[in-house]
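Two complexes come next, and they have one chain in common, subunit A, joined by subunit B in the first and subunit C in the second.
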Partner chain A sequence: MRKAALHVAAGVLTLAAAAPALAGENDPLIINGQIEITTRTAAPAHLDGHLSEIRSGWTFRTDETQVMQMDDFDNPAMIYVDAATDAWNTVEGSADKSCASCHEGPESLAGFRATTPKWNAEAGAVWTQEMYVNNCRTERMGAEAWDWNGQDMRNMTALLASVSRGMPVNVAIDGPAAETWEKGREMYYTRFGQLELSCANCHEDNYDNLIRADHLSQGQINAFPAYRLKDTNLVSVHNRFRGCIRDTRAATFAVGSPEFIALELYVASRGNGLSVEGPSVRN
Partner chain B sequence: MRTALASVVALTLCVGVAQADTITPEDVMFDYGEVAQSLTGTPGDAANGIKVMTNRGLGNCIACHQVTALEEYPYHGEVGPSLDGAGDRWTPEQLRGIVANAKEMFPDSIMPSFYKRSGYIRVGDAFTGKAPANESDITTLLTAQEIEDVVAFLVTLKD
Partner chain C sequence: MADNVKPRVRVPKSASAGEVVTIKTLISHAMESGQRKDSSGNVIPRSIINRFTCDFNGQNVIDITLEPAISTNPYFEFEATVPESGEFKFTWYDDDGSVYEDSQAITVG
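After this line comes the complex of A and B, so read on.
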């Protein structure tokens, strides 16, 4: 309820402040008239000059799609954030706890999205947001794990992204995460499937080009989860990976697989310096 | 060894259904990327070549290449070079080689190899995302005759 009122206030402010609500690829993305999003910035050093500038997928979309993300009132993904906020406060499991029991408000996890996937020393592995969420559920709440790609999990990742919006993506690629990162990098440049396409073929060598009617982006994941208009729902990072590799006529990898965890770390690192932007709106 | 055996079986099957003078993907002779000999011995049909080039389920060449002569078929891509004038720039033998397997002439090309059926990394069963029941069941993206048909159209593209 309070949230709805805030949305209204934000909507009014935006109407008052912004003149025509159109955006171009060089225009800044400011959400709700207040959260400034870095959609273009210098590429991180570890890209070794493969890209000079990194760009959010937002810069490749049409005006109509871009505008939907400029105000939470227009962003169809925000209903899932609201659903996750309810889930956040819901006591579940044998320990009689909700997320809020330990973390208070979701804002307490601001920055989490910006730094995941990250090395989990206790587990001795790189963990994504989904793994942390499920660990909380099974180990602290005594609740059932959520399906990695299920609605509940996608909603929760949207909420976690939303409280980090505007913060720079900054995943660590060195130290104990280096091995996983290297594995992800190798995948990025591997030409999979009968079409023999690597991620780089389209998203590094050909971004900004049309492939049939589709405007190729850099494949950045700073804005995930994304609300895809064609799916009319949130899409997780791994589900997008799965679809891309399937589209090379390959035997794709599973959501939550070690391969996709490695790829997620690597692709996230390619966006170090862009803002966390999810939940975003894409076509 | 098992793969070799499977190939032999596949070859035998292919020979059974295809015309006797169709050259199998494994037997295509590339010479600096060119293929001198027709893959089928049957002259290409340029009209069918257009269909192959514009149909998403076939070659879908315009997904990546702009072709002014095919303007009536919408959404031409920008990933590969325009094919306008391709018939002036390339010989039919070169065009055949490029369409069959562009990587013979341009090793790093993004262009898929349309007349190839093995040597892939994690090849799938078409767009299902699943592994094929048997990798030797993988068929070429285009048939030998479809390659000839595309070449027959491409040679008509003169500046």
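After this line comes the complex of A and C, so read on.
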């Protein structure tokens, strides 16, 4: 027993670990050595030549940020997924139910993230994940609705995304959802704010170019909710939309507004074919 | 005890004698620096993890002092040479006196 042999190697406190495999722009994203993520694929037909290839935001990030997403232990967003798993099993509200009472494990909702926002025939509207979660809480559990952009809701959407990772995004844009989708498309190409920028000006015409010191992505939302290093927390899709529109120096729409629901459906459909990737790590 | 504090560690389950293994640890903690003010202008009191230690079979591997500038959910990754089977014990010390512990066995064969 040579206890002296036990030591801490020199200079080992590493915040950004020297990871063995750095991920290049064209490398595949494989999470935990198991889940294969499609980060580049052919654009869906409805984009009609606007983009030839769609790319996950992951492909635009630096090696260090990319690596953080390749292992759940290194992905800071997984803390929030753990918190949501606890919430999932917590009985709340007048009906004495938890999420688990009806849905069993979160895995039972695998695929849900891939197809939302979607048409809810009963409600006669396009619903996002947040709306389904809150409907469960108020109608089935008798609990209070969560704030759309609150921590609890962002955690839960991260959990819902995590069980769908690797599945292709496939939101329906035809049938009853078509009207909302069309509205979203119009928004996407409408210039907003004093800077007169549409979503397309940056994310379609100029992706991969520098905006200040950062590479513009295609603005795909397959990887949301995203853990943003600058916020050290999860960021919801609508909060990101709000940030973008604010940056055009426009008065923004509210989180959860019909405008953002339409935009979410449209932007999600631009990523049809990419894998669900959230919760992701972004700068 | 601060809210939602949950330690997690990753240690390989087995190693060969004398092998250098990588250990990862993460604890969810707000790490309130004591420098911030709330909406009414009052200073939010400091509440951080101020010390982290790792021991192997009773012998210290690493002993870290944490300061207020360390960000939320502190993550440590370090290496240790494992001479024999045993248990890594991890301890985090909170400003409020709470102590959070976790441990993980490793088999040398």
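Note that in this section the second predicted complex is superposed on the first by the 264 of 283 C-alpha atoms of A that agree within 3 Å, B and C clash if a C-alpha of one lies under 4 Å from a C-alpha of the other, contacts with A are read in each partner's own complex, and residues count from 1 in each chain.
Note that in this section contacts are C-beta pairs under 8 Å (C-beta built on N, C-alpha and C of every residue); 3 or more make two chains touch, one makes a residue touch a chain.
Given the structure is predicted, the values throughout are model-derived calculations rather than measurements.
Participant: Looking at the overlay, does A:178 come into contact with subunit B only (first), subunit C only (second), both, or neither?
Facilitator: Touch status of A:178: no partner.
Participant: So, does A:192 touch the first partner subunit B, the second partner subunit C, both, or neither?
Facilitator: first
Participant: Using the superposition on chain A described above, determine whether A:102 touches subunit B (first), subunit C (second), both, or neither.
Facilitator: So A:102 meets neither subunit B nor subunit C here.
Participant: Per the contact definition in the header, classify A:83: touching subunit B only (first), subunit C only (second), both, or neither.
Facilitator: In the superposition, A:83 touches subunit C alone.
Participant: Just subunit B (first), just subunit C (second), both, or neither: which does A:209 touch?
Facilitator: first
Participant: Quick one: is A:232 in contact with subunit B, with subunit C, with both, or with neither? Answer first, second, both or neither.
Facilitator: second
Participant: Counting contacts the way the document defines them, which residues of subunit A are shared by the two interfaces, the one with subunit B and the one with subunit C?
Facilitator: none
Participant: Where on subunit B is subunit A touching in the complex?
Facilitator: 56, 60, 62-64, 74-79, 110, 112-113, 120-132, 138, 141
Participant: Write out the stretch or stretches of subunit A touching subunit C in their complex.
Facilitator: 1-3, 5-9, 12-15, 17, 73-74, 76, 79, 82-83, 232
Participant: Quick check on the complex: what are the subunit A residues that touch subunit B?
Facilitator: For subunit A paired with subunit B, touching residues are 190-197, 201-202, 205-206, 209-213, 216, 242, 245-252.
Participant: Quick check: in the complex, which residue numbers of subunit C touch subunit A?
Facilitator: Within the complex, subunit C contacts subunit A at residues 4, 6, 8, 10, 18, 20, 24, 26, 28, 56-57, 59, 61-62, 64, 71-73, 75-84.
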